[in-house]
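Have a look at this one.
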Amino acid sequence: MLIIFFIVSTVFGAIIFFAKSKVLSRLFFATFIVFQIALCIYAYLHPDMEDSLFYKFDSLGVLLTIVLTILSISTFYYSIIYLERKATKAKSESTYFAALIMFIAAMTSANFTENIALLWASIEATTLFVSVLIFHERTKDALEATWKYLFISSVGVAIAFIGILFMSIIGSKNGLSDLNFQNLATAAHNINTIWLKISFLLILTGFSVKLSLFPLFAVAIDAKTVAASPVNALMSTALTNVGFISIFRTYTIVAHTDALGWAQNILLLTGILSIFIAAIQLTRVKRLKRMYAFSTMEHMGIVSLGLAVGGIGYYAALLHIVFHSLVKAGLFYQINQIHALYKSKWINDFGGFFKISPVAGLSLLLGFISITAMPPSGLFVSEFLIFKALFIKNQIAIALITIILLTAIIYIMAKSFLRILYAPKPLNIEPMETFNSESVIPFILFGLVIYLGINPPLFFTDLIHSAIAVLN
Amino acid sequence: MLSILLILIAALFFPGIINKVKAKIGGRKMPSVFQPLFDVIRLFKKGAIYSPVTSLIFRLAPIIYFASVLMAILFIPLGGQKGLLSFDGDFVFFVYILAIGKFMLIISAMDTGSGFEGMGANREALYSLLAEPAFFILLGSLALFNDIASFSDLYSLMHSSTDLTYITGVAAIYVLMYMAMVENSRLPVDDPKTHLELTMVHEVMILDNSGFDLALMHIASGLKFAIYGTLISNFIIYTAWPLYIQIFLFFIIQSCFAVVIGILESFRARNKMEKNPQWILMLSAIAVVIFLTTLIITHKIILN
Amino acid sequence: MTLLFIILYAATLIYFALSERVRMFVVLLSIQGALLFGVVFFSLYKIELFDFIFILIETIMVKSIIIPWFLNKVRKHNNLKRVHEPFVPVFYSIIVAVISLLFSFLVSNYLKENQIHTVYFTVAFASVIFGLYFIIIHKNLFSHLVGYLIIENGIFLFSLTVGSVMPLMVNLAILLDVFMGVLVLGTFVNRIGNTFDSIEIDQLSKLKD
Amino acid sequence: MLYLKITTFASQMDTLLFQTAILLTFALFAIPKHFQYYWGLLLHTSIIIISSFWAIQSLFINSEALKIAFMPFMGNTLYIEIDKLSAFFILVVNFTVLTGFIYAKGYLRPYLEKKNKIEMALHFFSFLWLQLSMLLVLMFRDALAFLIVWELMALSSFLLVIFESEKKETIRIGIQYLIQMHIGLIFILLAFIGAYIGSGGAFSFEGLTEYFYTHNPFGVFFLFFVGFGIKAGFIPLHSWLPHAHPAAPSHVSGVMSGVMIKMGIYGILRVLTYIHHELLYIGLLILAISLISGILGVMLAIVQHDVKKLLAYHSIENIGIIGIGIGLGVIGIAVNIPVLTVLGFAGAILHVLNHSLFKSLLFFTAGSVYQQTHTRNIEHLGGLIKKMPKTALFFLLGALAICGLPPFNGFISEFLIYSGIFKSLLPGNLLTDVILLISFTGLALIGGLAVFCFTKVFSIIFLGSPRSDVVAHAREVENTMIVPDLLIGFMIMVIGFFPALFISPLASVVGLFTKDTSSIQQMIPILNNISISSGVFIALIGFLWILRAWQQKKQLLKQEATWGCGYTGANPALHQYTATSYADNIVQLAKPVLNVKKDFTPFKEGEIFPEERVFETHSSDIMEDNLIIKPSDKILSWFNKIAVFQTGKIQHYLLYALIFLIVITIITLLNWI
């Protein structure tokens, strides 16, 4: 099934790339989306089914792919708006869509793959395709960011690969021919944990590029600064989720060995460091997109804390990553209009958004409440659960530091958001056409998060529970 | 009921006596004891002048002020007699009803829009707020003797005669006396006979009152003296004694009180304005001392 | 015999630290490629044709001919200066190179495994660390590219240390990845060279708020 | 049986209605600007009717708490539970919100042009949700749900505070408000988690019971106290209050100060209902903080020039009085003096109601003044009683009530506390007596200072002659803005003159804290006496008024200028006492706690003809400066200093990785972690 899907998407990508026609590209992309949805449903209906050699429809994959699909639909919509606004030429538009298809396909493969090496390969693929998207605007900044992103990701992926090699050592010691996660997990029992530790360390470091987590957080932020906002919406949600999956799956291998405590400490360390750095960098941030990027980093830090403490922390981490994806995507969709309106990326040029386009302003306000994890936002629930877990596991110091940092972050973000919404409107901007249609999807996404937080439906919680079943 | 009558009578003569004593010591020819009374009557016959700046408040204030003082009297016991409206914790009502009178008086002074009266008003406010705690502490220390606390009951157990009780009694009388001075803004807090508005407290507040209102003010101040006199006399009068003795004693004490004030006023100099607060605060301090002594009497502090 | 090649490989690392000339980097890279071929060739127990061809392609073709050639093109295109002052004086770089060797030696001692050849491991690890270090100390993108390739070579050695457990397909993937990586990065270097007035990294530090 | 059926059906019905009302709030955004108010009114009234119906049921009719399944939450059902305490607070909230919303109609009229549809809708929406969240805070017992609605309350009030977002100041204040509320939330969260981990019980208020039985309650209670105290505005947790209230529109500040800060009190009371032992230190904590809040609050109020800021500080003072009542009550339990407990709690709870009444009244009237004169600085006002007599009289009423003067409601609650104190002096031991001494002295002092402050503010705003020409354009406000004053005034009078009516509900609420509530029944005759005395007082006033009228009929009344001590050239506007000079003697006395800066250039040596000078005073709140502003600024600047990770240089980024790798590897190999 998946093989077919990949073939189809490659073909589509190729067609779009070479056809160089707006109509065709959009048409094919739409059909691709349909395929994607079909795949989702298929995967959801066949839980834990082995598929085409290296793949398996496990709950985590399904969950995150559903998120990916939802977001790719909306991204398609906003990409069209974005490209229209920029009056893009057919050529570059076709490149854009081709890359987008391949990007999504690669992420799908990363979500579902069972084999660590293949996971690695697909992540590498995402790097290549996403850099095309980052470079889409062809500006100096874009060039710089793309270079940095490409280079650091390549190095990071290389580092991760060493980790995978070590994993393969573990495999070979138990006479494994392949590198399936489950087999590795079973193999991991009877082995000197030092291998495990080092490989986990290397993989974490390598894939921290994708997860925009300490230590290799920086380039992802630069990339998000220049990329088109719909692409950002995918980069800081679906792509980070891919990074998360890679860490999560590696973690499942470690989880049943003596190395668990060690791994937890490492995750706690990276988590708290990420939150700390995000907090302090936010005091300097001047571009809205960068602010969002750093907030992504902060949330990923929280997620890794959740993963580290275990218990309800696992559940909370997954909950958090899903909610964060939805909210952050909604915010990035909003940016699209803000930039178009003020013709600037700098927060200081914004102001009076609420007056100029009330509905969008309202959605932005809701977005602010949601992203800063204030009730009723679902993120509050997940964060709350993570804190609870931290306290139960007696990580009080970590919890308190995190709380302080989060408060600081809320303060900083509140300043920027309220500036955009309420500060006196800059003189040079002329009122342009209303955006209300554009604000619908963010409203839906934020509303969805609130609903899922307050009263999660059964299938949702079941997915999460079965996803974390491997851990405990 | 009786207490009210007696207090009213006492109030009529009180200022007269004071003036008489002061004149005597000052070696001046003494006006009749009834002179203040005549003044009040004369005022009742007069019309009134109102400043165009003033508003309804200015009209309302003297009446409420006077009414509040009358109300206060209704709670004062005399020897055996309960106050007319006496109830548990009536002294709280007593203090607060006087406070509302003062409130109105102050804002009426502000109502005239005159700088001097503002000055007086603000001093009045300050002094009364400083004096209030002293009164409460005093009553609190009396309340240490018994659980139900109305004015009349407060005294009933004062007379368990240990020498400490007398000490407290004396101290209490001292505090009450000086509180009377503060409340009526007499020396050493304020000199009613001064002729410079800048240094007045009470007198300056009623500069613009005239006729009926002024008369009420005068009577009220007399009544206030009488009230404090009664409070003091209750420390001395035994409830056991037959009524006529009580009444007789009452007048004796009242007049003594008046005489003492007269003497004090003629020999004591007036405080500097900025000295007044600390001087009034001293009353609270003494009251605290009384409180502690009572704690000793009631064996809550065991000394050995 | 393989040991000799490995030692030589280690020596190339020292040379990397030593040399300041950009051309030298390229030469050293191709040498490394050749050495790697040697290593693999002699560590193979029995020569199957397919493996042999694959290795030949991977090492000689790609690592020591195509990539260096491509790098040279890039170098010329951006007409780099012959000499490049790194942040850290060469003197210290050499020390670092040695230290990285020692460190990796210690590490490999720690994880004694009959599974892996310690010497391979040591050198591979050293070359990865040194690669990272190399990137860190150099100012221009070209050298960064070189550093990246040093790391990749290290990884190649790693994959040898663990024996041939890597499925062939994955191995291919890696090869492809390196190849693609170099191509893409190289083209980007050129592009940057065109857009900015040089490929010094301090040109590329606008995104810092 | 039949009755039961009906009630169950009814309960389903009204729950349904309640939920529908909640859902319908979202419709506001679709409604045209000029109908939004009426839509809001409809929803408010329906919510008020339903919730009050529940509250009255559980306060007066049922003996046990009302419990209704409300909504699905986290996979199980969320109940709303209304016991006596909640019921009482619900009624208070509803009344104040109703008056506030009536007042809003007139107050918002000028904004209708300035603001667009969505902004207005957002305002009404937040106002609705402020009420809803307060009600739900009172109804939920599940901790997580409670926290969510608690923050909703903060958010909605935040949106209301920043309504006048044209002012840059407003936004800054709004953010600070939001952050401090969030910190409060965190403390409550920590408290709940602490209790949860300590006992492993249910994660809800009921879960606390178990914890408090098995552990020393002080630690967790302290967390709760800080969390709820920030909302209530106890000093030193108050620093949001004097900024947020002035910034907010008056109907909002009325509601915020009237009832929202009481939610903090509710929280503290709610927690106290679960603690049954080791209460002494808790009581002392509450009492000490409350005394500080009371005295410092009113002192800080005295030095303010901004009328709404002044009122905000008075809220702190009144919270202090409430706290004194609660603290004494708790101590009463600890030292086992039932009368102190009963009267302390009764006084506190009644004062919650009273303060909600007169404080909202004061804010509304102050708002009317602001609407007419566009200034909150009282130094520019004066003589307004002639322009807006109704407003002035209601303000005076509020002032008298807040000073706790008879025959108004403020006196009753303070009287309850006083008599509690005086009745327990005899049974109390040494410690208790000293505590009591301190507390009633404090109360007396607070009362006196309040009188001082309100004589000042009332006379400066409404009396004398105008101090600037802003007064000239002032008119009496429209009737819709007078109506709420009337309602509140009526309530104040009722409580003031017939306090005995309110004893039985008070008794039932106090019953939650102590079994033996007999002593409050004993208060009824006394309170009747009070109402008699009040009656007599009024009668006397009336009599004297008539008397004077009769006397002055015969006499001639003249109009003459105020006596200026013979100086005729006085400028009536300028030669008056100002607020500053009025406050000065307190400022002199209280230098250490109030730092008031005076900008004044002193006279130069040999300056015979002094040139024109300006004299200004600025008061700043030391607690706030040293506890909130300086530390937070320091932290943020520190953050900014060390924010050097995003250098823009690839090497550095890789360097992090290298260092990370090497360090972790080493410590791993050495088995340090």
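Lettered A, B, C and D in written order, each chain numbered from 1.
Just so it is clear, contacts are C-beta pairs under 8 Å (C-beta built on N, C-alpha and C of every residue); 3 or more make two chains touch, one makes a residue touch a chain.
Since the model is a prediction, treat every value here as computed from it, not as a measurement.
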Smallest count of steps, each to a touching chain, taking chain C to chain D: 1
Most contacted chain pair (by C-beta pair count): B-D
Chain A and chain B, separation of their C-alpha mean positions in angstrom: 79
Whole-Å gap separating chain A and chain C, where each centre is the average of the chain's CA atoms: 31
Chain centre separation (chain A, chain D; CA means) in Å: 44
Separation of mean Cα positions, chain D and chain B [Å, integer]: 36
Overlap residues in chain A, where contacts from two or more other chains coincide: 148, 151, 155, 159, 194, 198, 222, 284
Touching two or more other chains - residue numbers and ranges from chain D: 646, 648, 650, 654, 657, 665, 669
For chain B, residues that touch 2 or more chains besides their own: none
Chain pairs in mutual contact under the definition given at the outset: A-C, A-D, B-D, C-D
Partner chain D, residues of chain A touching it in the complex: 148, 151-152, 155-156, 159, 194, 197-198, 201-202, 205, 208, 214-216, 218-219, 221-222, 262, 265-266, 277, 279-281, 283-284, 354-355, 358-359, 361-362, 369, 374-376, 380-381, 384, 387-388, 391-392, 403, 407-408, 410-412, 414-415, 418-419, 421-424, 454-456, 458, 461
Residues on chain D engaged by chain B in the complex (per definition of touch): 382-383, 385-386, 389, 396, 400, 403-406, 411, 414-415, 418-419, 421-423, 425-427, 429-430, 433, 436-437, 440-441, 444-445, 447-449, 451-452, 454-456, 458-460, 463-465, 525-526, 529-530, 532-533, 536-537, 540-541, 544-545, 548, 551-552, 555-565, 572, 575-577, 581-582, 585-586, 588-589
Interfacial residue positions of chain C with respect to chain D in the complex: 87, 103, 107, 110, 129, 132-133, 135-138, 144, 201-202, 204-209
Complex contact set, residues of chain D against chain A: 29, 71-75, 116-119, 122, 144, 147-152, 155, 162, 165-166, 168, 171, 174-175, 178-179, 182-183, 186, 189, 193-194, 196-197, 635-636, 639-640, 642-643, 645-646, 648, 650, 652-654, 656-657, 659-661, 664-665, 668-669, 673
Parts of chain B lying in touch with chain D, wherever the complex brings them together: 44-57, 63-64, 66-68, 70-71, 74, 85, 87-90, 92-93, 95-97, 99-100, 102-103, 106-107, 110-119, 121-123, 125-126, 128-130, 132-133, 135-137, 139-140, 143-149, 197, 207-208, 211-213, 216, 274, 277, 284, 288, 291, 295, 298, 300-301
